[in-house]
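Quick one: structure below, then a few questions.
Chain naming follows the written order as A, B, C and D, and within any one chain the residues start at number 1.
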Amino acid sequence: MNIKKVLIANRGEVAARIIRTLKEMGVASVAVFSEPDRHSLHVRMADEAVGLEGTTSRETYLDVEKILAAARKTKAQAIHPGYGFLAENPEFAERLEEEGIVFIGPKPEAIRKMGHKTTARQLMTEAGVPVIPGTLEPVRTLEEVQRLAEKTGYPLLIKAKAGGGGKGMRIAEGMNDLASAFRSAASEALQAFGDGDVYLEKLVSKPRHIEIQVIADTFGNTFHLLERECSMQRRHQKVIEETPSVVLDDTMRERMGEMAVRAAKAVGYEGAGTIECLVDENRNFYFLEMNTRLQVEHPITEAILGVDLVRMQVAIARGERLSLDQPNIKGKGHAIECRIYAEDPDNGFLPSPGLIRSFRVPGGPFVRLDSGVFEGAKVPIYYDPIIAKLIVWDETRPLAIKRMVRALGELKIRGIRSNVSFLLDVIQSKAFQTGDYDTRFLDTHWPELKEESEKELPPEDVILATAATVRFRQEQIQRGLGQRRAAGAQASFWRYTPWKALR
Amino acid sequence: MNIKKVLIANRGEVAARIIRTLKEMGVASVAVFSEPDRHSLHVRMADEAVGLEGTTSRETYLDVEKILAAARKTKAQAIHPGYGFLAENPEFAERLEEEGIVFIGPKPEAIRKMGHKTTARQLMTEAGVPVIPGTLEPVRTLEEVQRLAEKTGYPLLIKAKAGGGGKGMRIAEGMNDLASAFRSAASEALQAFGDGDVYLEKLVSKPRHIEIQVIADTFGNTFHLLERECSMQRRHQKVIEETPSVVLDDTMRERMGEMAVRAAKAVGYEGAGTIECLVDENRNFYFLEMNTRLQVEHPITEAILGVDLVRMQVAIARGERLSLDQPNIKGKGHAIECRIYAEDPDNGFLPSPGLIRSFRVPGGPFVRLDSGVFEGAKVPIYYDPIIAKLIVWDETRPLAIKRMVRALGELKIRGIRSNVSFLLDVIQSKAFQTGDYDTRFLDTHWPELKEESEKELPPEDVILATAATVRFRQEQIQRGLGQRRAAGAQASFWRYTPWKALR
Amino acid sequence: MGYIVRLNALKQRLEVEKPGLGLARVLVRFEDGRTIELDAHRVEPNCFSVIVGTRVYEFDCDIQNGDIELHFGNEPLIVSVLDEREALLQQAKEGAAAQGGEVTVTAPMPGKVVAVLVAKGEKVEKGQGLAVIEAMKMENELKSPIEGVVLKIFAQEGQALEGKAPLITIGQATALP
Amino acid sequence: MGYIVRLNALKQRLEVEKPGLGLARVLVRFEDGRTIELDAHRVEPNCFSVIVGTRVYEFDCDIQNGDIELHFGNEPLIVSVLDEREALLQQAKEGAAAQGGEVTVTAPMPGKVVAVLVAKGEKVEKGQGLAVIEAMKMENELKSPIEGVVLKIFAQEGQALEGKAPLITIGQATALP
């Protein structure tokens, strides 16, 4: 099918990302937007846009009927769900099928099977894909949990059947905290996903989170596009991703890749998806879950392979055949992504919505910024705090790290707080430099990292003198403005910028 | 020598470009700046900066003694000249040698030999490098010109011995316009370079300008880094460059590369340099000249090879050995660069200096903007009109063209005029799409291109209605401001933005 | 509010109304009664995002002496927007200028006056060079748009100029004192 | 002009002078007589490029109630800059607050009040939860910085808040009416 118009059922940086590729493909783009998002970048960039009445995610980006109405109104032939929101909702994919609208993603059945964590674990076990020891069925009562916990052994993880992103997940170190871990995981899951089912999993020691990108066309051709190392996490949220992973050699890369292809085939997967794995300190790997959609960190795969994953998604949705050759899929160089969040690392990582007063994008070779904001944008309080992603590539890992440090230094976000200084601390840490980190590294070591971090600041004299000078200059200007105002002069509305007065 | 601090004897985008790589290498950077450039990006980005008293290029960036004083004051161990200004001035390179400061570039002798066009032609002829038929000695009198013109044949080119960029260059179609072409070439050359010497060259039919990047270390290892197609020119100024060139096949690429290495070796070249060639319609190639410095269009080579040419320059200056293997230097995909000039394509390409009121940088995969400006920057009237370079990469040439169209569409420069709409016309022209263009294409076809160009504009109703709405809103605000002012309220100097009032 | 709006040869009288559909919505009524509804948000100090139906447009704008310069993408569109009173004034002014036959040549860009090629009282042909301006290493000759006589010379050699600064006025010999 | 400048524990009295070295140059004199010369250019509306000697620094700045927030790179530096009169007022105010022992807990970010966990007049421990604020899908519990009694409650459940909005005042029981 020749798709000529695509609605993006998403917002922020990923919606902008998708619109860019659609433009390059000559495909018209339709944005949808909640009321607070009228000024957002994805709306400004799209060819068409439809407002969704309401404010919260539930009222807007999660409302299947409103999104469908927007698609019908604009005659969009396909919907790209991005990540989050409806991206992994099988009912949504099904509704689109009924309406004759192409869902840019896998078939509903594949989403359903992989979305149901315990079903997925069963299917994978059958397909010979290694999974972490634990329960294959959801557990619902404390008695059941206690009985099964004895079998699995401690420490163990209690995880929500639905969802992800660290929500509805608790660690039980032993019998004593099992009950409270179970209760809070189940109640958080119920609140977040409307489904309180949880299951148990053995806690892997020094776990690394390494995932494999897979891509499959509608003819059954399934390939993997190498790995992404995503172990640098804060409270189960990925912070920095890189590829290749320092712990994988070619043999293991091949084995994990084959496993990922097998996993995708087991559910008849179509499109782009990601097999998330845990790798323990002995380099055993276990299937964790499959994300049946575009991943936030997909650009690092694009950087080492020279591909456009969104373009591949659209091509597959159009029924095109993938012409790849697995042995020839070799990455070049090293890529790193930093997620830029609107949060305050100096204040307990509190969210920091508000007006972006100043925004400077880094430039130069092999630096990419995928942003959902701009200078003058207002980051709303209602949605995810991710506002941009910074991706760099270089010939080697040490060079890529230096490039990322330089690019983070150039990136300027003012008016709201961002995690840029935190990212600089993490990427310059010894653990990141040597590659010796696991998924728990940040949660346990961040306080000492922060202590150790030596930011190069100007001499105190310069700071004090500058602050006094800023005030001095402000007073000079205000005096000037006051005189002019008194003299009856009226600043032109259009030409006036406070700073012009100073030049 | 372990270079720890480098002074950049340049301004604008290239100075910013160099500072970025120095930062990644852990090398301190020193900017120099003329009086109008105090606010410029390169000054803001550098670790240190020294003002050069004066305004014009001659008083500042071309003043060897002032630059030397700045280097001594900051104890810079090396100077990177960028392109233009002192980059190809052998006396400058010599002075640095005397002062014990490393010149990041070739030895003065190599600059001198290649800078003297007729010497270069002689040397190349001796080295077996094909040159365009013409005079090997400068010609100084009209009689001499007339005599030699008979020998070379018409049409012919009269070119300044010194300099480049189309200055001091005239075409003589026949005997009749020979005298006036000679006189204006010589007088322009005298004014621009302080040297009125010119020489004659046969005019090549349907010439394409294709250049080869070379790189050589101080141990005599010399390599070529493939070609750049630079035939899309307006009045001898490159406008769009791409690599690979559509007219080169692997055999010819190899032959031209070998020739370029031979040419560089003939002058004992060290560092990064470019052999510019003309290729005629029968695919004969001729040595045109060597640019003994970093080229404006170097990023497209970086994009297809995954290298950092400035990093290589600094490494060579430090005395490091290049570890390249010529047969393995293979480009991947296709890269295009557009030069962004502050000029008005709708008004005879008049320069357009002034305040950049709004500046939006394109994002997304494989898009690079190397800029010398920012929102709020003032483009001075004294220097070159190049303000930025936009570079894209993609898997194939047609895809790269689409990506460039998308990226140009995202790039927003307001307050001054830029050539962005012109670039969009050129890149979407049939000639560019098919690759069938030579160096004269734009000068002869631009008027019709402009006529043909079909810009997608909104319906006239929307334009008129928007204009009226803008005025309507302005009046509403001014009324509001007036009332508030009358009521004695005083807008906070720091928080006030006109547009806040509207939200 | 009513405005006389002109884009190239197109001239229309428009009414802008706020039908209370929200802060950013306006209804624009054309002479012939057609209306279109705009959802026009100022998303940056000089930039409006406009949605008409479902179509998204983005215009940068700048107001210069009653003209509104809208940029759509990288295309500048000069639209004159005047209210009734201003439109009348403009008409009167244009009439007067047409009678007087005076044209003042202005600097097309900021720059420096390199040379003034004519003297006061001198007769000039249409297309004759009047002055040379330099900016960014480029020299540009300004030509007379009409045949006439040099009435006034504002430019001085060596002088630095802002864009649109008046340089030389050409008119009819009868206008000379 | 003389200012009392404070950065963390550091406190200095500074004199800023314009010695006529050009628009952007100032001379800053410290208490002990040291001086430094700044070439401070406002290069963006809220951004200063400062050259001291040959060293280049860039500071973004924002003025909030007498405090100047300078950002160097991505590090925020809060500097209080007061003139003599303001410094005296500030001293007086701090003294009064210390006596009263009152603290008003403010919203650390814009968001929504999910729950108010205390009632007026209730005794609270130091570190006890007072209210829960939500923004960007994250809930945050605000804790009492001191032991005391709830004197005032500004926050209402479901209410949308601006950053720094006052929520709850904790003080000594004696202050209750």
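To be clear about the criterion, a residue touches a chain if its C-beta (ideal position, glycine included) is under 8 Å from a C-beta of that chain, and two chains touch if they have at least 3 such contacts.
Remember, it's a predicted structure, so these values are computed and weren't measured experimentally.
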item	value
Farthest chain relative to subunit A (centres taken as mean CA coordinates)	C
Selected pair, greater C-beta contact count between B-C and B-D	B-C
Computed distance of Cα centres, subunit D from subunit C, in Å	48
Distance from the mean Cα position of subunit C to that of subunit B, given in whole angstrom	33
Centre distance in Å when subunit A and subunit B are each reduced to the mean of their C-alpha atoms	38
Multi-partner residues of subunit C (each touching 2 or more other chains)	44-46, 55, 62-63
Where subunit B touches two or more other chains at once, by residue number	374-376, 409, 474, 494, 498-499, 503
Partner subunit B, residues of subunit D touching it in the complex	24, 39, 41, 43-46, 49, 51, 54-56, 58, 62-63
Contact footprint of subunit B on subunit A as seen in their complex	16-17, 20-21, 23-26, 45, 299, 302, 306-308, 332-333, 360-361, 363-371, 374-376, 378, 393-395, 399, 402-403, 405-406, 409-410, 474, 477-478, 481, 493-494, 496-499
Residues of subunit C touching subunit B in the complex	1, 3, 5, 7, 10, 12, 14, 16, 26, 28, 30, 34, 36, 38, 40, 42, 44-48, 50, 52, 55, 57, 59-63, 68, 70-77, 79, 81, 108-112, 135-138, 140, 160, 163
Of subunit A, residues touching subunit D in the complex	342-344, 346-348, 350-354, 357-358, 381-385, 408-409, 411-412, 414, 417-418, 420-421, 424, 455-458, 460-475, 497-499, 502-503
List of subunit B residues in touch with subunit D within their complex	30-31, 38-39, 43-44, 46-50, 73-74, 374-376, 494
